Each structure stands twice: as C-alpha cells, then as structure tokens.
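In the two assemblies presented below, chain A is common to both, partnered first by chain B and then by chain C.
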Partner chain A sequence: LTNTSISDAQEMETIWTILPAIILILIALPSLRILYLTDEINDPSFTIKSIGHQWYWTYEYTDYGGLIFNSYMLPPLFLEPGDLRLLDVDNRVVLPVEAPVRMMITSQDVLHSWTVPSLGLKTDAIPGRLNQTTFTATRPGVYYGQCSEICGANHSFMPIVLELIP
Partner chain B sequence: MAPEVLPKPRMRGLLARRLRNHMAVAFVLSLGVAALYKFRVADRRKKAYADFYRNYDVMKDFEEMRKAGIFQSVK
Partner chain C sequence: MLATRVFSLVGKRAISTSVCVRAHESVVKSEDFSLSAYVDRRDHPLPEVAHVKHLSASQKALKEKEKASWSSLSMDEKVELYRIKFKESFAEMNRGSNEWKTVVGGAMFFIGFTALIIMWQKRHVYGPLPQSFDKEWVAKQTKRMLDMKVNPIQGLASKWDYEKNEWKK
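Moving on to the complex of A and B:
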C-alpha cells in the first residue's frame, strides 16, 4: 500500500498523536493511584527486620522481646533426607498466618534482594536504605526463596525460608 | 468468453478510508477481547479463589502439614 502523491495530512497526524497520548494518560492515572494505594493502609501486626550479608540473612524480631538470629544455607554435608539442597537453612523465619506482617529489609554490605516468589515478594536489600514490604499469608506451610541480587561468590547460596504457622 | 472485469476501486482517499475502517474494527475488536478476558479469565480466577477460601480450614491444613513433619518450629 503506497501513497505516491504524498500531501498534507494534518488532521490525521494530529489525531494519531493526540489520541494515543490521551489513551496513555487514561491508563496511567488510575495505575498511579493504585500504586500509591498499595503503599498506604496496612496496619501490620508484626514487624521483622531482615538484613542481608555476604552470604547469609539476619532476622530481628524486636516487637516482643529481642530475638536476633542468622540464617545460613545448610551445606550439602549437613542435609538430611527430605531437605532441599541449596534451599534449606539452619534457622527459618517463623511467621503467623492471616496476620499482616511488615518486613523491613536492608543490607550490611552489598546489594541483596529478599525474595519469596510463592508469596509474591521481592524487595531489594540496599546498604544505607530501609525498604519495606508487607504481606498477609493465607495458607500455612514452608515457603522458599533465594537472594535475587548478585552479591558475590555465594550469591546463589543464601536462601530464605519462611515457616507460616497459624 | 469475455474475461470478468472487476469494478475500478475508488482511488481517492483510499488510505484514509482504509485507516478509518481498520481503526473502527480494531477498537471494537479490542473492546471485545478485553470483555472476553474479563469474564472468561479474570472473573473465573477470582471466583476460583473465593470458592477455595470459602470453606478453607487453616487448622486442618496446618495439622496435616505438622504431622507430615515439614515444620521445624512445631513438631
């Protein structure tokens, strides 16, 4: 399809510039509204801090008492039958089901990322910055995740395990 | 046998007419696909979740898992 006698098509040009711009604005405004809404009203019943290190996670439960522990991947030699290689850890993060939980995530050294895909969670752990994510789990169980920001030699060997208990 | 002669196409404004027709069809088609997706995919998915959680027993699920021995914090 060729238009050999090219001539002014000012109306067409105007329409197909303005109309897509309007459509994009109509898509963007509710989208931004929803984005900010998801950040707001949460009222978490529980806050846990998660600090990324090379190459393990530290969890701090400071709401009720001061429980702080490290969570290292179980080395292959320490695995028992039924354990998952490269996923299981020595100390799991125990959390309540059906309660909004707030995770405050940061890093001690380089960039890491705290991820639990089956709960739809991924938050970067950035040194000098505190990132926040909230979630409410609806089903009990054991949930696995792995560090999702390249952080050195053992980046693939610092998993995250959550135990959700009613 | 005389060969069939096609009617001469209306050359003037061919591109504009084509564009107009295509835009109308695209608009209607996109509305249709969006509606189809909403009813056949999105609403069905929401209903599936609602049906699952309507009679979901957290404690029963938890007890089955606990007996299977997957938890470290409760035995």
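Moving on to the complex of A and C:
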C-alpha cells in the first residue's frame, strides 16, 4: 500500500506545471488586447457630468452653457398615484435619443455607482477619480436605475432617472 | 517498562496504571481512557479487549473446551463464546431507532412556533404597507409603465397586446 509508483517524478511535475502556465499566458495576452480594443469608439455628441453625493446626484451639462442641478428621490408623501415609489426623482436627466453621450461620473464624498440597467450601464462613482461611460440610446422613454454601491443610510434612496426624448 | 514510567509520571498517590494491577479494579478511573477499551463499532470490528474480562468458572471451562476441536462445540456454546468476546452483534449494534420521529417532530414544532411569532409580529409590530401597494396605485403604475413601453422587447411591455388593449395570452 505504499506509493512507490506515484512519487518522485520531478520531470513530469515540472512539465505539467510550466506548460499550462505558458498556455495560460498565451491565452491571456491577446485576450486583454481584445478587451481594450472592444472599448468602442463613440465620438460623443456631448458630455454630462454626474456627481454622486450622500444621498443624491448632481448633473452638470456644461457643453453649451452651464446647467447644473440636483436630483433627489421623491419622498413618498410627494408621490402622485401611479408614480414609482423609491424610483422617481424630482429632476430627471434629459437626453436626446440617437445621440452618443459621454457620462463622466465621480463622487463628492463616498463611493457610489451610477446605474441604468436597461441601458446596460453601471459605472462606479469614486471620489477623486473621473470614470467615463458612453452610450447611445435608441428608444425614447424613461429609464430608471438605483445607486449600486453602498454609501450610507440612504443608499437605497438615491435613484437615477434618464428621460430620453426623440 | 512503560507501565512503571507512566506510574512515576502519574504520581505515587494515583492508582497504578499497570494492567496486571488494574485487573482487580472494578471502579472506572480517569486513567481508563489511556488504556484499551471495548467498543462496539462497525468500522472497528475487532476490539482490542474482550467484552467479559472476568470469566466465571463455567466460562473458564468453556474456554478450555475451545482449545480442542471446534466441531465438538454445541451451538449454544459457540454463542456463549461469542458473547464472552463481544457485547453486541453487528445486527444489534446497527439497529435503527425511533429518534428520527423525535427530531422531525421537534423541527416541525419549532417551525410552527416560528409561524406563530411571525403572525404576532405582522399584527403588533409592523407598520402599514406603503401607499404604493394599494390596488389602485399598482393599476395606475402598471398603466404608466405600459404607456412608457418599459422593456418592450422581453419585459413588461412585451407582454401587453397594444392592439387589443389586454395582456397577451
């Protein structure tokens, strides 16, 4: 019951350690290259800054003039029947349809995350850093999202609403 | 010998751990756990010691008879020899019990008790549901989402038939 035939095989052990390592490197390098290549070239029409605070978002439209406003969640008492509780906000982010948009996302205090799942968007808002995400919406409508990085007591109460107008 | 070394470690005031001295003990002491013990375990089929340590006279006679040819032993004598060596047979040691009924019954009791606690909580602890759960509100909300054509490809609006103004069958 001793292991005479399954020990002391140094050559084999070396080969089946080194060879898979080489194979993995050969897979990884093109994969990373392709990852960065697939980052689309968008040529955005305009840029919006989205700044996360505790517990609301600030949007800055500074390309053509200076429009800056805050977007707070509508408190339940302010809702009209038919509104979406915990999702509707006082000021929506209004954008044109079919226009490539660049969102620059950052935070004023703690980590947040700017998310609109129905457009496939999620970008972390990190204090001291500007993250960029680009998108082009093709359907008009209202798109909802919620902050996706725990940021304190009202983390669940700082939604994001995009209003895409044709 | 090892026994005397152990003896000096244990200390003069303790009972001797030498096996031959202990053969005359009848009270279990704490040193017992370092000596071979009898166990009925199906993964340890041949215990280190026999079950019966002190043979009666008839048992001693039987042990002498065992030294001769075994075909001369009767069935009862063979069973007696087995019972000297072993406490329980495999069938006895592997027997099932009714413990499962206690366990299942206890689990169901506590689950039921938890249900009672939850019912009490709902009645006495929790506040009312938000307004947006009211039937009319949900109806208005759904109408608004359909008007907005929320998720028209595979989601909500795709389940609504806009021509006939009803949910798709």
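Keep in mind that, in the parts below, the second predicted complex is superposed on the first by the 131 of 166 C-alpha atoms of A that agree within 3 Å, B and C clash if a C-alpha of one lies under 4 Å from a C-alpha of the other, contacts with A are read in each partner's own complex, and residues count from 1 in each chain.
By definition in this document, a contact is a pair of C-beta atoms (placed from the backbone, for glycine too) under 8 Å apart; a residue touches a chain by one contact, two chains touch by 3 or more.
Just so it is clear, the model here is predicted, and its values are computed rather than measured.
Undergrad: So in the superposed three-chain picture, is A:Pro81 touching just chain B, just chain C, both, or none of them (first/second/both/neither)?
TA: second
Undergrad: Quick one: is A:Lys49 in contact with chain B, with chain C, with both, or with neither? Answer first, second, both or neither.
TA: neither
Undergrad: Please work out whether A:Lys122 is in contact with chain B alone, chain C alone, both, or neither, and reply first, second, both or neither.
TA: Neither partner.
Undergrad: Looking at the overlay, does A:Arg102 come into contact with chain B only (first), chain C only (second), both, or neither?
TA: neither
Undergrad: With the two complexes superposed on chain A, say which partner A:Val142 touches: chain B (first), chain C (second), both, or neither.
TA: In the superposition, A:Val142 touches chain B and chain C alike.
Undergrad: After superposition on the shared chain, which partner residues are touched by A:Met12: those of chain B (first), chain C (second), both, or neither?
TA: The answer is first: A:Met12 touches chain B but not chain C.
Undergrad: More residues of chain A in touch with chain C or with chain B?
TA: The partner that reaches more residues of chain A in the superposed model: B.
Undergrad: Give one of first, second, both or neither to describe whether A:Val94 is in contact with chain B, with chain C, with both, or with none.
TA: Once the two structures are laid over each other on A, A:Val94 reaches chain B alone.
Undergrad: Find the residues of chain A that appear in the contact set with chain B and again in the contact set with chain C.
TA: 82, 139, 141-142
Undergrad: Which residues of chain C touch chain A in their complex?
TA: The contact residues of chain C facing chain A are 130-132, 136-137, 140-141, 143-144, 148-152.
Undergrad: In the complex of these two chains, what residues of chain A are touching chain C?
TA: The contact residues of chain A facing chain C are 76, 79, 81-85, 118, 139, 141-142.
Undergrad: Please output the residues of chain A touching chain B within their complex, sorted ascending.
TA: Residue list for chain A touching chain B: 1, 3, 9, 12, 82, 92, 94, 97-98, 138-142, 163, 165-166.
Undergrad: Can you list the residues on chain B that touch chain A in the complex?
TA: Chain B residues touching chain A: 15-16, 18-19, 53, 56, 58-59, 61-62, 65, 69-74.
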